[in-house]
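Here's the structure we're looking at; comments come further down.
Chains here go by letter, A, B, C and D, matching the order in which they are written, and residues are numbered from 1 within each.
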Amino acid sequence: MALEVRIGKRLAKVQLLNREGDRMKFEVDGRTYDLDMVEVEPGIWSILYRGKSFNLEIIPGSKPKNYTVNTLFQSYEADIVDAEAKYMEARDKAAFGEASNRILSPMPGKVVRIPVAIGQEVKAGETVIIVSAMKMESEFKAAADGVVREIFVKEGDTVDGNQVLIVIE
Amino acid sequence: MIRKVLVANRGEIAVRVMRSCRELGIPTVAVYSEADRKAMHVRYADEAVFIGPSPSQESYLVIDKIIAAAKQTGADAIHPGYGFLSENAGFAQRCADEGIIFIGPSPYAINTMGDKITARKTMIAAGVPVVPGTESAITSDEEALAIIERIGVPVMIKASAGGGGKGMRLVKDPKDVLSSLRAARSEARAAFGDDAVYIEKYINSPHHIEYQILGDQHGNIVHLFERECSVQRRHQKVVEETPSPLLTPEVRAEMGRHAVAAAAAVNYYGAGTIEFIVDEQLNYYFLEMNTRLQVEHPITERVVGVDLVKQQINIANGGKLPFRQDDLVQRGHAIECRIYAEDPDRNFMPSPGVIRHITEPLGLGVRHDGYVYEGYEIPMYYDPMISKLVVWGSDRDDAIRRMRRALYEYKITGVKTSIKFLERIMENKAFAEGSYNTHFIEEHLEELTTSRECDRTCEDLAVITAFLDHTNRLAAASVKGPEASPKDSPWKSFGRRNSINRL
Amino acid sequence: MIRKVLVANRGEIAVRVMRSCRELGIPTVAVYSEADRKAMHVRYADEAVFIGPSPSQESYLVIDKIIAAAKQTGADAIHPGYGFLSENAGFAQRCADEGIIFIGPSPYAINTMGDKITARKTMIAAGVPVVPGTESAITSDEEALAIIERIGVPVMIKASAGGGGKGMRLVKDPKDVLSSLRAARSEARAAFGDDAVYIEKYINSPHHIEYQILGDQHGNIVHLFERECSVQRRHQKVVEETPSPLLTPEVRAEMGRHAVAAAAAVNYYGAGTIEFIVDEQLNYYFLEMNTRLQVEHPITERVVGVDLVKQQINIANGGKLPFRQDDLVQRGHAIECRIYAEDPDRNFMPSPGVIRHITEPLGLGVRHDGYVYEGYEIPMYYDPMISKLVVWGSDRDDAIRRMRRALYEYKITGVKTSIKFLERIMENKAFAEGSYNTHFIEEHLEELTTSRECDRTCEDLAVITAFLDHTNRLAAASVKGPEASPKDSPWKSFGRRNSINRL
Amino acid sequence: MALEVRIGKRLAKVQLLNREGDRMKFEVDGRTYDLDMVEVEPGIWSILYRGKSFNLEIIPGSKPKNYTVNTLFQSYEADIVDAEAKYMEARDKAAFGEASNRILSPMPGKVVRIPVAIGQEVKAGETVIIVSAMKMESEFKAAADGVVREIFVKEGDTVDGNQVLIVIE
């Protein structure tokens, strides 16, 4: 079985060539890896590759088929890109427009202020919402010029991480 | 003698205070807000009292509720921790009026040191060096201009009632004086309800070095040496160490004497900290006194060998200090890293959420003061500090190496943390050489927020692991039907395996 | 200079050695048996080599496999930890022959100290006091009877090649001499392939006190003071502390000089331990030397401020000791508790199994050296020690109180542990007074294995919690159908919650 | 709903009288408890009772409806005694005889030696099997005089905890 995985800006093709218990052979973009892979704790993999000991953490992301993968010094965002994922991406785009036009809450918090209203024109870089968490206020700005199409929250609301707050077209 | 202590705080400091109480055999009472029912300090305490809604203005900061909780549980003493009510003279006075021991200094000392202008006058009278600047609150624009004329730019405008960087403005160019003055006063009014500000000479490339003080109610005061706190981001400390790599033995001893004189000027008792600003030529000036335990107190505890909370309790009980200045020595080197729930890759945005998995660093020379546990949700209402990692080494190099090792072992998933950022500080050349000042993070920000390069292998292994997790889930789903797939998730599957034969 | 270290061990000591290597910037190689693929030392190391089946005779004890692993990975040094090959002179010699640095003493020192009779002769020659008894192996029953006639009962018959209590017999009555002698020889033959035994005067109510030694390859030898190890069960240490509550400053210094003399007698280099047996009158006698790191080495590290593993590596590199005897001081008091996977309520039966949940003690003065993690299965093949809890206090009372607090915080479920047993030791009056000897556990066994009384409330709350868990499961099962119930178990449900929307 | 719970030698009758979220009212053998009960970690309950903070660990046992419950200083074995449990107990007794006649492995380990054979008469206190784990050998003895009826393992076998090894009648 072969799949595509998006990691950062790279789209990698990965394939499991062979598996005997924990001994697995993979091919990633033409390079072969003979691995001894064991999930030692939930979501934590101990990998032996050419005698070296690697520890990888894999954390399911907020969206389906999205992962955060941590190695010793790096943190990667990885997406499984299968047919369904491509369809979902297209559907989301149709429903909400380009991701860059949506303001998402990057963290749970409380809406402090919304200095814009539906229908209002905004410039790129203009603050459209201020969210407070842990004694810190964060301002979120429009990524491009546009018109405020939807505001899903109001001042004083508690929001979750990754919730769509405002759509700008 | 204190028989039961109410800890009017939450998070790691509440647990830390309760630990020393437990060692002393004194029962503890926790107070908790709505968001904190599951917090560790509630679990750790012997008793717990609910005090209201999550925002601290409606719970941890409400004096009446804290006093009522103490009365209700029969607590005869209150430890305020740091933050919240710890430097509130009104609270300390109220405790006294209610016949409850406030484990901290007198209301007089809190008041005097809490107002920066009064503190400054007191220090000048006590012969402690202060930064050139105003001696009283600025009341007019003309006065401000005149002072800046006299001492020269750069100057810092500061809120008289302030702290934590609020109501502060740096003026480098005389033409910005008036606008900065107005901004500082408006911020001060909003934050503290008091728009009094004062002006000080701004020290370029300063070091922030503070002295730990202990005084008893019999007039004995000692210092427990310095802490170097210059690694700061937006006036918030990130890394602290002791001894300071900057000081010479002569300056260390002289600053210590001035720190004791500063505390003596307000008849100080309890634990407190004298903050100094120090320039590259080792000129030092009194900055302020924190009339409470500091976040970074553990590095002093490690190097001097004194449990500061136990001494606070001893002092509050009317006991004498069990040591004199000559008995105290710094041994080895200690460093503290503050672990915040924040994302250094996204401008240090706060990252509240559920702790999914945690691996704590252990072994020789490592102290870890935290309060979170697996499954705990860090609330969005309070401080983003998760824990404090403190290491000791036989010398500074040994301590830095040990801190690197401890950070390497420390894993938290579920929320973003500053661990990688701290690792890069420990690997930074300027830090390793001990040549840094309060501009350190600002000056090295790019380097400190850039991932270390990894060869292609790391990335390919990440791809493989994501692929494998995905295909494992697919396989599980196809065998059991889609609705069963969550239970076949590898997450915490061993727990499930143990309960699968039940019911 | 050592560039890469293979650690020929497993468990907490392998991780502990790797920690110091990591702090020194030296990469490490783990070796692992079939049972240990998921063990922490494999995860912690930079490289890992598989060396065979689970029984240690087929993996960790096979010299050829260890040497091959070192060759294969280019490790130029081997740290043996304790146990396994650590006191095998043949292994040390083999390393030398292969051009690999053995991080430990010379084969000559291991050999001389490894044979009890040779060691005894060497000590007598060096002027170190030894227990009255034979100087050479007993070859006939008549000889044994004659010796016992001379020194008088009670006597101890011991295997010459022995250790760990095997091949030992106490004789209190002269009529039991011959049967005990035969039993000891037969056991010695079975355990060590050598039936040589010797006879020593048996010391009533003895203390077991040992001295930590460090020697370099330039002839410098220092001691790092004593460890009191008298809290033992079946000759296995359970609790250790330093300083010993028994010793006077004069005896401490004199024993230290004898300990250094004992090490010097075999030109000792590396870390080692001189074990003494001490009676109530503070008469002390050389018992044996352990030519390796001890399990309980951390209490010395804490009180003296020296990283013993780093010194082992420094010495193996040919470096000089960075301190002289006069530089070393004991500061405060340290206690170690060994946490075993065993059931004190069922005669200390071993309890291997899966660690379900673990909460580690943290905070001031607590060091924790472990290797298990949630979901880890403690294998049945090796030692039942899970971790070592080490505390420091400003004095003995402070250290005991801190140990109680740390044990209170330490929770492990999934396997039975000795934590409650250790808590009772810390609460024992004789222990608190420091008046105990090697019979302590035996004499207080009933008290140490009896639960503290709790009022009716505790029991009722346990009933309620069991009831609630049960009814929660029932409710979940009736909503979702019985086959879905395992996934509604509260165990680790937060992990599942996070993955429930996936796939 | 009321149930019986066996705890040690006591058979306690417990009933949930009232529940509002985490606030619950129970009756145990006639005594009433007003509790604030929260499961803070899986299997770990924080209980506030009359202002006191209690922490209880509840661990599913090896048999259905059996728990180990740990309080600060005690460890209890608790069994839910419902109709099904009573039936199972009766059935086990019929199949294997009194529990005292079965030798169970109390821990995972390896069978070192079985000094008895099927059909052999044994005396109470006689060692019938030796199991080794973690470098320690444990001897298991017959609880009463009898005849060895069944031996389910052989020397060298690896056994799980709580496995029936030998039946004596």
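What we mean here is this: contacts are C-beta pairs under 8 Å (C-beta built on N, C-alpha and C of every residue); 3 or more make two chains touch, one makes a residue touch a chain.
Everything numeric here is computed off the predicted structure, so don't read it as measured data.
Engineer: Could you tell me which pair, A-B or B-D, is linked by more C-beta pairs in contact?
Structural biologist: Top pair by contacting C-beta pairs is A-B.
Engineer: Distance between subunit A and subunit C based on Cα centroids, please, to the nearest Å.
Structural biologist: Chain centres of subunit A and subunit C, defined by C-alpha means, are spaced 47 Å apart.
Engineer: Take the average of all CA coordinates in subunit C, do the same for subunit D, and state the distance between these two points in whole angstrom.
Structural biologist: Here subunit C and subunit D have centroids separated by 32 Å.
Engineer: Return the residues of subunit C touching two or more other chains; collapse runs of consecutive numbers into ranges.
Structural biologist: 356, 373-375, 408, 491-492, 494-495, 498-499, 502-503
Engineer: Tell me, which residues of subunit D touch at least two other chains?
Structural biologist: Subunit D, residues with two or more chain partners: 41-42, 60, 65.
Engineer: Looking at which chains touch which, would you call it a line, ring, star, complete or other?
Structural biologist: Shape = other; not a path, cycle, star or full graph.
Engineer: Got a list of which chains touch which?
Structural biologist: According to the stated criterion, the contacting chain pairs are A-B, A-C, B-C, B-D, C-D.
Engineer: Going by the contact rule set out above, which residues of subunit A touch subunit C in the complex?
Structural biologist: It is residues 22, 36, 38, 40-42, 46, 48, 51-53, 55, 60, 64-65 of subunit A that touch subunit C.
Engineer: Quick one: which bits of subunit A touch subunit B in the complex? Just the residue numbers, please.
Structural biologist: Those in contact with subunit B are residues 1, 3, 5, 7-8, 10, 12, 14, 16, 24, 26, 28-29, 31, 33, 35, 37, 39, 41-45, 47, 49, 54, 56-60, 65, 67, 69-76, 78, 80, 106-110, 132-136, 138, 158, 161.
Engineer: Quick one: in the complex, what on subunit B touches subunit A?
Structural biologist: Subunit B residues touching subunit A: 341, 343, 345-346, 349-353, 356-357, 380-384, 408, 411, 413-414, 420, 451-452, 454, 456-471, 490-494.
Engineer: Quick check on the complex: what are the subunit C residues that touch subunit B?
Structural biologist: 15-16, 19-20, 22-25, 298, 301, 305-307, 331-332, 354, 356, 359-360, 362-370, 373-375, 394, 398, 401-402, 404-405, 408, 473-474, 477, 482, 484-487, 489, 491-492, 494-496, 498-500, 502-503
Engineer: Can you tell me which positions in subunit B touch subunit D when the two form their complex?
Structural biologist: 30, 37-38, 42-49, 72-73, 373-376, 492, 495, 498-499, 501-503
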